[in-house]
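Just passing along the structure, written as structure tokens.
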Amino acid sequence: MPGTPPTRFVFLGPEGTFAEQALRSIPAAERGTRTPARSVGEALDSVRAGDADAALVPLENSIGGAVGVTLDEMAEGEPLVITREVILSVEFVLAARPDTPLPSIRTVAAHPQASTQCRGWLRDHLPDAVVVDVLSNGAAAAGAGRGEYDAAICAPIGASRHRLTTLADKIADHPDAVTRFALVSRPGPPPPPTGDDLTSLAVYIAHDRVGALLSVLMELAVRGVNLTRIESRPTGEALGRYVFFLDCTGHVADVRLGEALQGLRRVCADVRFLGSYPRHRWAEAGERPVPAPAGLSDVDYADAAAWLTRLRTGELT
Amino acid sequence: MPGTPPTRFVFLGPEGTFAEQALRSIPAAERGTRTPARSVGEALDSVRAGDADAALVPLENSIGGAVGVTLDEMAEGEPLVITREVILSVEFVLAARPDTPLPSIRTVAAHPQASTQCRGWLRDHLPDAVVVDVLSNGAAAAGAGRGEYDAAICAPIGASRHRLTTLADKIADHPDAVTRFALVSRPGPPPPPTGDDLTSLAVYIAHDRVGALLSVLMELAVRGVNLTRIESRPTGEALGRYVFFLDCTGHVADVRLGEALQGLRRVCADVRFLGSYPRHRWAEAGERPVPAPAGLSDVDYADAAAWLTRLRTGELT
Amino acid sequence: MPGTPPTRFVFLGPEGTFAEQALRSIPAAERGTRTPARSVGEALDSVRAGDADAALVPLENSIGGAVGVTLDEMAEGEPLVITREVILSVEFVLAARPDTPLPSIRTVAAHPQASTQCRGWLRDHLPDAVVVDVLSNGAAAAGAGRGEYDAAICAPIGASRHRLTTLADKIADHPDAVTRFALVSRPGPPPPPTGDDLTSLAVYIAHDRVGALLSVLMELAVRGVNLTRIESRPTGEALGRYVFFLDCTGHVADVRLGEALQGLRRVCADVRFLGSYPRHRWAEAGERPVPAPAGLSDVDYADAAAWLTRLRTGELT
Amino acid sequence: MPGTPPTRFVFLGPEGTFAEQALRSIPAAERGTRTPARSVGEALDSVRAGDADAALVPLENSIGGAVGVTLDEMAEGEPLVITREVILSVEFVLAARPDTPLPSIRTVAAHPQASTQCRGWLRDHLPDAVVVDVLSNGAAAAGAGRGEYDAAICAPIGASRHRLTTLADKIADHPDAVTRFALVSRPGPPPPPTGDDLTSLAVYIAHDRVGALLSVLMELAVRGVNLTRIESRPTGEALGRYVFFLDCTGHVADVRLGEALQGLRRVCADVRFLGSYPRHRWAEAGERPVPAPAGLSDVDYADAAAWLTRLRTGELT
């Protein structure tokens, strides 16, 4: 039922990964049910089918990987919309069963992308340990919990779920790495504007001409709409047809973003709206919402509209 | 009274010039009163004061000259609007009193700009005649009529008004030269759109930066609005403040031009609307109205607006 | 002979006008011969024919008028180049023969554009005087000198040349009005860059499409070249073919302006170079040369060229 | 030694994956040594260390995933350059040990992304089989070869290497899916231009402003350089600093791409050149190289340069 807050959540599994950790940062999900899915496609399809109210899936992550799948799944099939983003620091830990001293560790289970991210730490602290590839961070923690490996590289939530002790935390070579997740639902009225929102779009243009992309950016630029992300992907359908995934500052309810969206609708082969949602708030409050540029606030739009009305009726004086 | 067709016309005098000829091509002016003014400023002020309903003044002319004055007078003081443009072929004739053979001509009266335009013809046909500078084409015809000069370079209307015989017509070196006149009134509802209209604007930008002008053009380009004229003038008020006089295709009542106008209103220091009016129709029908580019017709705008409404209410499916 | 400083000057006559006053502000012209011409075309043709070394003609003037003629004459026929600009304050004076008290003045000779510019002053100080139209500011002064009129509105140089006394100076309604003149020569090496130069161009584009003009501005914008003037004129040759007269900051010898010129050459139907010359220096030094934007100085260009060379040879490390 | 053709190749392992299949499509690699690496980082580091001459790593693949890792590894550390791209159709097969009838299959080993891509086929043909997640396509084939699973979803090369029989080929739901690989070497002179080349760049801009990206695109657009791919990634280093990975048409040795590169160098915070290399040729020859737009061929550049030289020396006539 539209407007009803979601209670049944699905997330990209398995349990004990960063996706679950991100989902649990949402109060409604902490209270509701949380079911792992085997893949992004499976998670989204369970929302489409009505088996879940919302799915938490990765959009971007500095480990590389799932972004493409999520974007492609969002761009095809029945429409879905993002209603919330969650950005999580990717803080890998080295975890082991209680009372395992670091020097005793001979085998470390890790997803290959996780061990890649922690290469420096492993070289410095466990130069002789054998790294065993496993399928996910959650599987690494589970394996260490069962005693199959001496230790695991995993998410903090994986360590606690499998009753492991954290021997070292923040072991990734890039301590600032983050993963950005999206909470995705069936279409409905977007969350109300907060003054600091993002809007995601899939924009199709007919050719890979720089001129076509320039036209898209000009539609945004003249309305003062900033891009925070742009990614091109060739579409499977036909050679020479491109889709651009854009994240723009602003909300579909804003006048200027609305005008920009209409412009894209007119000049592009197709535009799919992927949702307007509040931008992630950082506790440390580093980033501030960007105010509308001069001449582009809703007040400026209202002034210009009133002026146009006067022009059209001839009341210039 | 707004909406009442004008009956009292003023034009840039004196009588017998191209301005009078242009004015008389307007049926209402042919029926109404027609008073010459000594200057563009005087003509426009008599409209502002209510002493005349409309003024016919030159906007652009290939002889050079009055454009600047007209634009500046329109951009300052109480607002006025163009309601009609008239484009007249500048067809200079050599005229003399009846029974004056060409070889007998020793003196030719002409405005200096007119004799400049006919230099080639004079060199070929009257190499020995003395050209006497006078103040206007009308004055040249009048002087020849009074016998002060053997002949005059003037407009056809000047020849007939002063009972002169045309010894040669189309004597200008550039046979395609035209003058563009504007019929100017006090503000009121613009003439209805015809599907082939122009809109004139005075746009102020704060700096002579190419970036500022680029922004102006982008506001037009993203709405598919074409420029048919652009002219920059430094404003007297302050150094570094520029005014651009623009003629755009479209009518203030068109959706896309309306949106472009609002965009200019927001990004420019100031915009003065100088009128929407039908584009001059050529009898020979050489030029055709340019249809709206793909994606920019009123239908496309309506489609995009309906789509935006669906996005905002969440009815994507 | 190229490189030889000009000694024979021609100017837009008659004597005693602002053009002569502007010419005499150039030291070489003060020492050389100065001949009035009847028209801009005549002045330029005498340079083309080798009868004069340089011509001083008006480019822009706030009285309106000659700009179009000069531009058109420069854009056609054998190429000529601007080597210097002179900007003159248009300071109209009211002049009369010695011992003529202001209250006694009944007739004032003036060029119609001059009397238009001084309307306010005349209304306030000589409300009952009759204004007699004459052909030029110089002719007004000459007529007053001969006693044909009680006074003249003219340039300071006209008053002194005809031994008139100045009864009032700076009588124009806009005290800041200026006229910009160009000193024009046959092609030759341009004057050396001064660090604060202008370059004038006539740029032809095939259609009146805003997209075409946008392309022109983008060629300039990406090289940080500013426009200080832009003026469009339909060309006589064919409908739908436009010429834009541009004044850009920079010198043809500058790397970035050179690159921009090459870009225009490639994308435009035609480009005519009208000269690079020092920007007029104001005694009061209000305006300062605009330094190259970040990344666009000659040093930045040299750095980028060296980097490209390294890329092409593969020496990246 | 620069210029020596590579003989020691490394590829993203394990053996039997698409990367190995792609590498073997390169004749020199078919003749040389081919060593699998555990990760993209390890493959590139072995080139940096001189242990291998070239590495074959995935750039883009429609299964999603490795792109980010490769781009980030290329953008950091010691420079490397792409010298060749290989585009491989991702043709998944279902393979089993000889004499395994399809209906007898109960377990299928697959990388999760591979089974996701083949969901439709599995649902239609093996609705009751259990899909077992493994770490790579090569591991799936190896496991089936050892009899641990009844069948594997893998690359054709994985089936043949492990002596499996192909039960079904082209089982992916998107039959047109491809993976794009890059052959990466230490910096050296780029391969010679072929007339149909690509150039890859990592471009850093200081802010997420649409204006900054618009500037980048304008640098390309004015030189007629097309983008075939654009991807933005936040850099780990600092918030608000973005890196854009661009693939452009053209070769660093081309005049117009060289000029565009210099433009980017000047306006961007940083630009890293990632190589110029021939565009992948499709056997079926669907795509043709795009000729230089009007005015942007090397001939046009040479003409414009010659014209500029004439302007600078004053030889206009």
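So that you can tell them apart, the chains are marked A, B, C and D in the order they are listed, and the count of residues begins at 1 in each.
The rule we apply is simple: a residue touches a chain if its C-beta (ideal position, glycine included) is under 8 Å from a C-beta of that chain, and two chains touch if they have at least 3 such contacts.
In this text the structure is predicted, and so the values were computed from the model without any measurement.
Contacts with chain B and chain C are shared by no chain at all. Measuring from the averaged C-alpha position of chain A to that of chain D gives a distance of 24 Å. Each chain gets a centre from the mean of its Cα atoms; for chain A and chain C, those two points are 59 Å apart. Rounded to whole angstrom units, the spacing between the C-alpha centres of chain C and chain D is 57. In chain A, the residues that touch at least two other chains are 218, 221. Applying the touch definition to every pair of chains gives A-B, A-D, B-C, C-D.
Listed in rising order, the residues of chain A touching chain D in the complex are 38-42, 61-70, 72, 112-113, 115-116, 119, 133-135, 174, 176-177, 208-211, 213-214, 217-218, 220-221, 225-232, 236-237, 239-240, 244, 286-287.
By the touch rule above, chain A contacts chain B in their complex via residues 2, 78-79, 81, 187-190, 215, 218-219, 221-222, 252-253, 258-259, 261-263, 265-267, 273, 295-296, 300-301, 303-305, 307-308, 311-317.
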